[in-house]
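Two complexes are shown next, each including chain A; its partner changes from chain B in the first to chain C in the second.
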Partner chain A sequence: MPNPSSSTLQDADRACRVSSPTVLVVDDEPVTRLRLTARLTRLGYRVIEACDGKAGLELLRRARPDLTILDWMMPGLDGPTFCEEVRCDPAICASQILMMTGHDQPEQIAEGLARGADDFLSKAASTQEITARVQAGLRTATLIRALEQTTEDIRRKQDILEQELRSAAQYVASMLPVSGPLLPGVRMDSVYRPALTLGGDLFNVLPWNEHLLGLYLLDASGHGVSSALRSASLATFLREESLRHQVGSKDPGAILTAANQQFPLTDEGHYFTIVFARLDLRARTLIYATAGHQGAVLHHRSGAVTELTKPGLPLGFCVPHVYETTEIAVAPGDRLYLFSDGLYEVPGPNGELWGRVRLIEAMQALGHRPMADVIAGIVEQATRWLGHDRFPDDAAMVGIELGD
Partner chain B sequence: MEDAATFDLGETLALVDHDWETFQMMVELFTEQGPKDLAAIHASMAGGDAAALARAAHRMKGALLQFCAPAALAAARSLEEAGQTGMLQGATERCAVLETELRHLWAMLRRVIEQRGSV
Partner chain C sequence: MKIEERPVLNGVVLDITGDLTYANREVFTAAVEAVRRKGCRHLILNMAVVRFVDSSGLGLLALVSQQFKAAQGRVSLVNPQSYVLEIMSLANIAQLMAIYDTEQAAQAGSPQAA
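Right, the complex of A and B next:
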């Protein structure tokens, strides 16, 4: 496969040779202009002329020559001021300018270069020197044009890629459950903030029957496209039909044990953390298992908090490995929150992380408010700590509230 | 035979790749524009305007650089420096030198063109 930048450069160079390069000569002194124009025409270039700086600048903007040969001293707009105006105009700032002067003093050359000229040519220059400097200027112009073309190509491809990422992100968002009532007396609210367009966090609720609800929040290491694809793959594994065929059980520990077999550590060292829970409304129990996931909290109606975290390995670290199931009682008014570490591992201006403790404190402080407001308030406090609204990692939180 | 201090035809033709047509056009332009530039030099000196003198002499110098005319070039350069430094004492004498050298040069250029035309 050809190297794209190299082929762009060759294309630009070829284009430059096929259509003869255009050289703009700006000089108020007609004899010098005539001699230079004649020389350049003999060299095969297309030459356009201007008799002062103002006319030259207009012609440069209109004709976009490959090279401009510019006299230093002219009435009105002189050469160095011409250069400064060119360098300030984004549309023409990359123009190649060869400053021509009768002064060959080093300090004048330095001033010309500082004010925007690319090279110098003495008015008394030999034909050989004119040829060499013009060719050098045109070589640079060719490189700059190739660079501009490559930049434009990259920008266009970037636009296409971003459009595709937005489409993929819409698909991922469509996989997330919609906030609202799940079962009679059970409500769900959530937030999902990918670090990039696409994120590796994913959560879902699985109403298995009118009193049994499965739910999970998973966090694929890394972020971006590859994390999102791995998350989608694990989410597919966690679908009800898949669990029936591949696990044969709705026990959270059994499900994570099977997932651990299916999703070993990748060659790049990527893995998942996950919390999987089963809420039994009839028995008023919450059965759950975690794999290296720290973000699971039961906020009781009383205001007390039970952290549903246990030390454990993320998925894929050790195969085979048995993940244990834990059971606790739940009561009407309790709220279950699952969240990813991206929501609380946010650095403040001095690098200190906001942390899980502050998140739980915020949860308790806001506990009297509707659950959607609690989640929004937690995100707001994390954002305030961070100092901006771009989370460095994917951030997600899902809350389940048991009604009376 | 031209005086090398006034004008070097061989070198001038080398500057235009020995293209006679271009040379002829340069001469036409210079014999038309040169007197105007010389008038501008006179006017700036009469007005005591050093900056205008520097500009006009610089322009004359640019044209002379295309003709390999060292004597006139030196006179124009000297006037340009006088204008740049604002030291206009002696400028009248330098201007007279330039005018003399220019008259020699223009005469020589006309002769070269006529000789070529008669060949």
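Right, the complex of A and C next:
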């Protein structure tokens, strides 16, 4: 008797190289196996064979046939157990299996289907019935293969998109200033937590000269790629050279008035809120303007807090519109914090928001500690309120400390 | 979100139920667009049972206001709840569209301190 296991591996390799449907026949009875193989071959199928369940399973894993015709009763691994093993293996679990039996009792058919067979074929079946059932199994196999291919295509495209998103996120992160000394006697610390891979919040510090510092924090409505791109576009507008050409002034109100003209509402109603400030170390003044942004606080060395924001139109809501500049005195030891609403509009388990008031209370309570610890502590309290560390909106905070 | 359209003298009222948020933007936009296509000049948004407006919702309100102004029309807000009113106040929405206590006041066009 020929050894089916050795010859079938060659058959499997060959089968993999051709496009005709391949049928695996698993039966321990050589006569039955040879007769079925001959009938299937005459019907135009490529046939590979295994003489028992164990060899059949190995061949199924290696050759990935389009259809498996499986005997119920076999020594060692019987048909139903074969089916169960196939359904537990993610690599082959979608295989189409036609169980062959000499008995076609309803209870036996039900058990076979329950344990993983897709259809039944009587050993006494006519050529017409074999043809019909094999074709039905192959139709299903074709659909499953198409589905697997589509899933794989989607996964591959998803991988490419995610890689591009990661690259874009690296670019956005590269636009953010690095924590540490900015100018003599001025230090910056910050945190940036985008809700998705890419965020629409952005902040920056612009050391214009040795005693003049521009800084801003902007928040683009919406999330994801479009928000990040719009933020990058506004950040480009806010560069020193761009401001010199397009605004001709470093006055925060004039800058926001010009930005309002440049960045109208999008067709989807997207817009920016922003706070833009200019810190003059020589004059010890902070002048600033806000456009619908509520996160700007001056924490004095004394512990007192001055909220710098007031109700105002976000950029793009009303064109033309003149944004006003406000001036406030600053002193050594003062800390300026700019932050986005995503840092404090975080819901607790009952839906109640953590809120700006709690954020400012946390800022005051932690005020004796280094500024980096204050910011980290605020993020820690917000995430504790939230119950996890995934902010539902982009969250950003930047702190500027004036040394003695 | 559920929006029902109701014609009134010289305008259309949209009764909004639910949150005016990013997730509901398509429902809101479709309802407003249907009213605009009919040539309505005065859109009255009944906010009495709107519980929450997020940043996207604010943007949609501003967009609708601009669209109606461009067509010589106007948008009025009626009876926003206190939390929604606070959100809209921070963004100065009242500078873009009138806010009224009642639908009758909105139809009459006489601003009230909402």
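As a working rule, the second predicted complex is superposed on the first by the 383 of 404 C-alpha atoms of A that agree within 3 Å, B and C clash if a C-alpha of one lies under 4 Å from a C-alpha of the other, contacts with A are read in each partner's own complex, and residues count from 1 in each chain.
Methods note: contacts are C-beta pairs under 8 Å (C-beta built on N, C-alpha and C of every residue); 3 or more make two chains touch, one makes a residue touch a chain.
Values in this document were obtained by computation on a predicted structure and should not be read as measured data.
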Chain B versus chain C as contact partner of A:34, first or second or both or neither
first
Output check: A:42 vs chain B and chain C. Expected answer is one of first, second, both, neither. What do you get?
first
Determine, under the contact definition given at the top, whether A:73 touches first (chain B), second (chain C), both, or neither.
first
Partner chain(s) touched by A:126 [first = chain B, second = chain C, both, neither]:
first
Examine A:65 and indicate which partner it touches, taking first as chain B and second as chain C; both and neither are also allowed.
neither
Can A:317 be said to touch chain B (first), chain C (second), both, or neither?
second
Of the two partner chains, chain B (first) and chain C (second), which one does A:116 touch, if any: first, second, both, or neither?
neither
Output check: A:102 vs chain B and chain C. Expected answer is one of first, second, both, neither. What do you get?
first
Tell me the contact category for A:399 with respect to chain B and chain C: first, second, both or neither.
neither
Would you mind writing out the residues of chain C in touch with chain A in their complex?
22, 25, 55-56, 58-60, 62-63, 66, 89-92, 95-96
Would you pull the chain A residues touching chain C in the complex into a rising list?
219, 221-222, 265, 267-271, 273, 292, 294, 311-314, 316-318, 341
Footprint of chain B on chain A - complex, ascending:
27-32, 34-35, 38-39, 42, 71, 73, 75, 102, 123-124, 126-127
Can you name the residues of chain B that touch chain A in the complex?
14-17, 19, 22, 25-26, 29-30, 33, 55, 58-59, 61-63, 65-67
